[in-house]
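Dropping the structure in here first, questions after.
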Amino acid sequence: MTKSEMSQALLAAKKAKGLTWQQLSAACGLAELYLASVCYGESSATEESAKKLAQTLDVGEPVMRAMTEYALKGNSLEHRAIPSDPFLYRFYEILAVYGLSLKDVIQEKLGDGIVSAVDFTMDVQRQADPKGDRVLITMNGKFLPYKRW
Amino acid sequence: MTKSEMSQALLAAKKAKGLTWQQLSAACGLAELYLASVCYGESSATEESAKKLAQTLDVGEPVMRAMTEYALKGNSLEHRAIPSDPFLYRFYEILAVYGLSLKDVIQEKLGDGIVSAVDFTMDVQRQADPKGDRVLITMNGKFLPYKRW
Amino acid sequence: MTKSEMSQALLAAKKAKGLTWQQLSAACGLAELYLASVCYGESSATEESAKKLAQTLDVGEPVMRAMTEYALKGNSLEHRAIPSDPFLYRFYEILAVYGLSLKDVIQEKLGDGIVSAVDFTMDVQRQADPKGDRVLITMNGKFLPYKRW
Amino acid sequence: MTKSEMSQALLAAKKAKGLTWQQLSAACGLAELYLASVCYGESSATEESAKKLAQTLDVGEPVMRAMTEYALKGNSLEHRAIPSDPFLYRFYEILAVYGLSLKDVIQEKLGDGIVSAVDFTMDVQRQADPKGDRVLITMNGKFLPYKRW
Amino acid sequence: MTKSEMSQALLAAKKAKGLTWQQLSAACGLAELYLASVCYGESSATEESAKKLAQTLDVGEPVMRAMTEYALKGNSLEHRAIPSDPFLYRFYEILAVYGLSLKDVIQEKLGDGIVSAVDFTMDVQRQADPKGDRVLITMNGKFLPYKRW
Amino acid sequence: MTKSEMSQALLAAKKAKGLTWQQLSAACGLAELYLASVCYGESSATEESAKKLAQTLDVGEPVMRAMTEYALKGNSLEHRAIPSDPFLYRFYEILAVYGLSLKDVIQEKLGDGIVSAVDFTMDVQRQADPKGDRVLITMNGKFLPYKRW
Amino acid sequence: MTKSEMSQALLAAKKAKGLTWQQLSAACGLAELYLASVCYGESSATEESAKKLAQTLDVGEPVMRAMTEYALKGNSLEHRAIPSDPFLYRFYEILAVYGLSLKDVIQEKLGDGIVSAVDFTMDVQRQADPKGDRVLITMNGKFLPYKRW
Amino acid sequence: MTKSEMSQALLAAKKAKGLTWQQLSAACGLAELYLASVCYGESSATEESAKKLAQTLDVGEPVMRAMTEYALKGNSLEHRAIPSDPFLYRFYEILAVYGLSLKDVIQEKLGDGIVSAVDFTMDVQRQADPKGDRVLITMNGKFLPYKRW
Amino acid sequence: MTKSEMSQALLAAKKAKGLTWQQLSAACGLAELYLASVCYGESSATEESAKKLAQTLDVGEPVMRAMTEYALKGNSLEHRAIPSDPFLYRFYEILAVYGLSLKDVIQEKLGDGIVSAVDFTMDVQRQADPKGDRVLITMNGKFLPYKRW
Amino acid sequence: MTKSEMSQALLAAKKAKGLTWQQLSAACGLAELYLASVCYGESSATEESAKKLAQTLDVGEPVMRAMTEYALKGNSLEHRAIPSDPFLYRFYEILAVYGLSLKDVIQEKLGDGIVSAVDFTMDVQRQADPKGDRVLITMNGKFLPYKRW
């Protein structure tokens, strides 16, 4: 069973059962976004989480097993360097417009290094607003200073 | 005076005076990241902010004037679709790895639409941590539902 | 059922029944272009519109359901950054030739911001002309000023 | 004098004199967008229009002469196939999302052909709206049916 | 039936019957090159021509019907911007080497505009030559002057 | 003196003297398009032609000498695989739309081979037409059969 | 039968019979490299050669017939402009490193022109060497001088 | 002195003195093609060869010194993955058309490995031919078998 | 049996049997990384190694045979020039950041040449570290000096 | 002073003084490769190391200061995704050929994660060998397990 077959099975089961990411998150103890990335085949789950998720979604052993494996990541962009979906593109645009500012402000505070995308968590919240609801995205990454040797 | 010349002048003045983004932010009333994006020629400033910034950095009228103009944005990526700088690249990687999950979780909560990169603010904080400091990046964008017509 | 399968089903049904976009528009209350973008799998429909459309085209529940889902958009360009179809290409060319002029004229009128492609409608009309009929395309997008923070 | 030097001269003169595109349009009898495209070096002007524009902007003979020449068009995109400026990008996105729908609806009405980007005019209007002003862009292109031979 | 399936059916039938483009051209009244472009799924045929062609090649109603539809054009290049087939490449090379000269000579004669690739015919002839036969390709396109507005 | 400097010198001299390609062609005995390609630095001239051209345009020895040298060809496309100028693009489009048809029709007539872009001439004529003038482009290339060995 | 199916059939038969290119070359009278290019679907064979090859490899009439057809060439590179296989890449590297030298040395000897890749043969020999065997590749192409017109 | 400045100096001196690659080769004891690649800044020369060459071409110490340095190689292709010059392109085409055949024939003879482009020599000869002179290019590369470990 | 089918068979058998690369390495006498590259279809095995591996993994003759064949290498990157998987990307980044330094330091020590990727071995070790385990990657390649001729 | 100007100054001083990377390393206490990456503008130095290096190379305060700044990294590849220099390319090739094997072997040993290119050191040694000297490259990177949240 490939990661892609696993992904189709999980997303189909979620739709069939009418469960939201929030409900699945509550059931298996993983954060919504991390959980979704497991289902999209980008992240791997521990055997324990995978079992809970498999049980909740009523999918078989091979799907459960596939969740614990390590996949080729980075497939959100498919064959394109620049995503054509408008939702995805906006995050590319933020990088294009604010990238250098982000780098300068953070490096001024913490030195020569990067923000890890591996020792990293992300959260998303809906923020009610009379002028139109807003989305609050929080990224939390370890700062990794460049080793000098 | 082009935006690029303005940018060089502002960054040189900031370095010469030994001011941090935080100090400049306090002096002109713009958030650190927005301020930096003005100095990198990506965002425009109101005449009032531009004047305060010009005064603090001791740059002339043409530089001040240039800050109020509207530039071609998106230059953080230069001639590349994919940034080669490791700091910048990590944000591209987050999109590649978590893009579809982000889209799915947010659209499940708010419907068919996007998170604005224009009606948008971003903040960055250093988070002390005994296992190595972390960086907290908060993005706050208006959710724009697709208009059906 | 994927968006792509849904799209094939809808377009096949439209052809089989010999209905025009105008007739479908009258039947389901969506504008021609929006309706077409639903059928091409780019836009989503409310359950109400989807039901009317499914009824008119005599397609089943799964097709109807698929119309209400949120797809990865932007597939008109397939695997190419630049469309090879001459009809599609002309709109790319308009951007290449008049893009900067459009940006300058609009920003001079409304300030630093963009024209939304999300809070957006588009209409197309045939304009009879003895020297050869013309096409009138009207785009109506909300102006989104850049938030300063 | 290259088209690019001409363009810099014209835009600098316009800024120095504090004239808007609307005022220049009134002075030389060309529509705002066409006029802007002449100044950006994309379109050519008749000797008569060029002279009026040169007079209004107080630029010399070589600049005037350069306006009447035929340039390499399409420079709004510079070295990129996909524009990185958010304002420009939205028009690329409209093509990506609504391209096939536009093609289908128009070809159903007028047959196998294209909308000309040469026998073409474009207009832009600000539309006041209490929920946020909107921009109305009107494209008017001759329909060119494919010749069968 | 997709354009691509139609194309396979027509080319297979042509091969099976051992007919040349010239013979097919005589049978259905379309020029060789236009006829070939119909069979490759790039151009559309009137119902009358399609019927004659279907009869001559003994293909069924769906193939005939498909010939009258409007396809996504431009597939000679497949997924490449630059064709890798040597025959096709030579025409790309002619553009690379003589493009600017062609533009300059034609625009000097006819003004700011383009040669239409839509109101356009093309013919090809074998020219016997003792030093090796030559190919004569004639392109005939309407000159479209840029509209000034 | 580089080919690019030579090109600027020749085109400037042509403009200053107000000569057309046709007049230059008459003066130096080269066809208009070939002559233009010499001036754009794509083709080389014999010493005899170069001298006549230098004399007519009143340019010095180094320019004359540069015309006889062999340059890197193919610069009409600059840094792009696909030309952004609409005039140039139409020829790319003809290749994209009619490329396979051209290949099939010609190879059926002459066998496995290509049309040379080196043993090649091209001519362009204005064709008066009450419905709008047309351009007649004639390409004449030696057919080169693939050698079997 | 497509060229790609033909290719698979021929290579499978060659492997099944345990024949080398040299043995096949002896059997059908084509040079090893040309023969291989026929089997990879790049070159076409005369009916006579195709029959001999079909007989030797014991493949049927459709495979034989397919060998005589003219294919889209250039598939060694698949979807990449730059080959990722190290064997293939070295030839790309030779072009990158020695291309300009080759052009200069050959054009100095023979004038403005190219070395034909169509009226062209290639041979490969193993050269025993105590320090490690070497490969001798000989390319023999007609020099095609640029026609001046 | 950069490699590029060195290259300009050497090629200018060669032209000024009217020397051919053959004459230079005789003077400094390097093969024509290798010598040319030194002058184009792709290869390095020993101090001895560099001195002879500098003397013959009458260029100074810094140019001589620069010839002995190790440059970034591969500049024949400039900013393009696929060369636009027709002379250079033919070698790319040979790779596209005959690449797989070359790989298969050579690997069948010598096993899993590559032909070195480093332990490599190349020679070019003019071959007189009544039907048009030919060019004979000989590449001689060490076969490097893949190490198994 | 294609290399890709072979690869799937081998990886599936390894998973089914629950064997590690280290255990397989011990069983067949190939180093872990080389062995893995055989299983991923990049490297070829001698008949002896292939037999041992086939026996250990209990796969049939065709899989064994396929391991001894020479494949098109370089598939780790699939259709992308730049890998999107974060693990793979880091090695691309090392090249981007330290490439020139590596070249300069090595060439200063050994002269004008390259480090072979063919006469090459690679080893990987886990290095326990209280601050987080590390990975030690050792590359050992023959230095190939450029041949001067 | 830009990083690029700093780099030119440092490399020129090193050449002028005839110092090797090893000698510079001894003088300033940084490893050869790290030191080189400081001089190529990729890495930053502490004030202490920068001062020692500036003293040894006799360069002024601005150069010293520039060494302590944080640059845009990743310039070894310039404008290309794939390096054209053969030395640099071999490391790209190692990734293309052995990338998946490296990922699989390391992830099997250490789990879902990456090898850091930031908490990372690299060393290079010449290894004498009678069959031709070899180069030993050692990469030592912290393993960063994916955080599950």
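Assorted remarks:
The letters A, B, C, D, E, F, G, H, I and J name the chains in turn, as written, and every chain counts its residues from 1.
By our rule, contacts are C-beta pairs under 8 Å (C-beta built on N, C-alpha and C of every residue); 3 or more make two chains touch, one makes a residue touch a chain.
Note that the structure is predicted; figures quoted are calculated from it, not measured.
Centroid distances from subunit B, each centroid being the mean of CA atoms, peak for G.
Subunit D and subunit G have Cα centroids separated by 50 Å. Chain centres here are Cα means. That of subunit F falls 32 Å from that of subunit G. Between the Cα centres of subunit A and subunit C there is a gap of 30 Å. Remark: subunit G and subunit J have CA centroids separated by 41 Å (rounded to whole angstrom).
For subunit D, residues touching at least two other chains, in rising order: 43, 73-75, 77, 79, 81-89, 93, 96-97, 103, 107, 113-114, 116-118, 120, 144. Applying the touch criterion to all chain pairs gives A-B, A-C, A-D, A-I, A-J, B-C, B-D, B-I, B-J, C-D, C-E, C-F, D-E, D-F, E-F, E-G, E-H, F-G, F-H, G-H, G-I, G-J, H-I, H-J, I-J.
Taken in their complex, subunit C has these residues touching subunit B: 30-31, 34, 43-46, 49, 70, 103, 107, 111-114, 116, 118-121, 144-149. By the touch criterion stated above, subunit D contacts subunit A in their complex at residues 82, 84, 86, 89, 93, 96-97. Interface residues of subunit F facing subunit E in the complex, by the touch rule stated above, are 20-21, 32-33, 36-37, 39-40, 42-43, 73-77, 81-83, 85-88, 90-110, 113-117, 120, 122, 124, 126-127, 129, 131-144. Residues 79-80, 82-89 of subunit J touch subunit H in their complex. Partner subunit F is touched in their complex by these residues of subunit D: 72-75, 77, 79, 81, 117-118.
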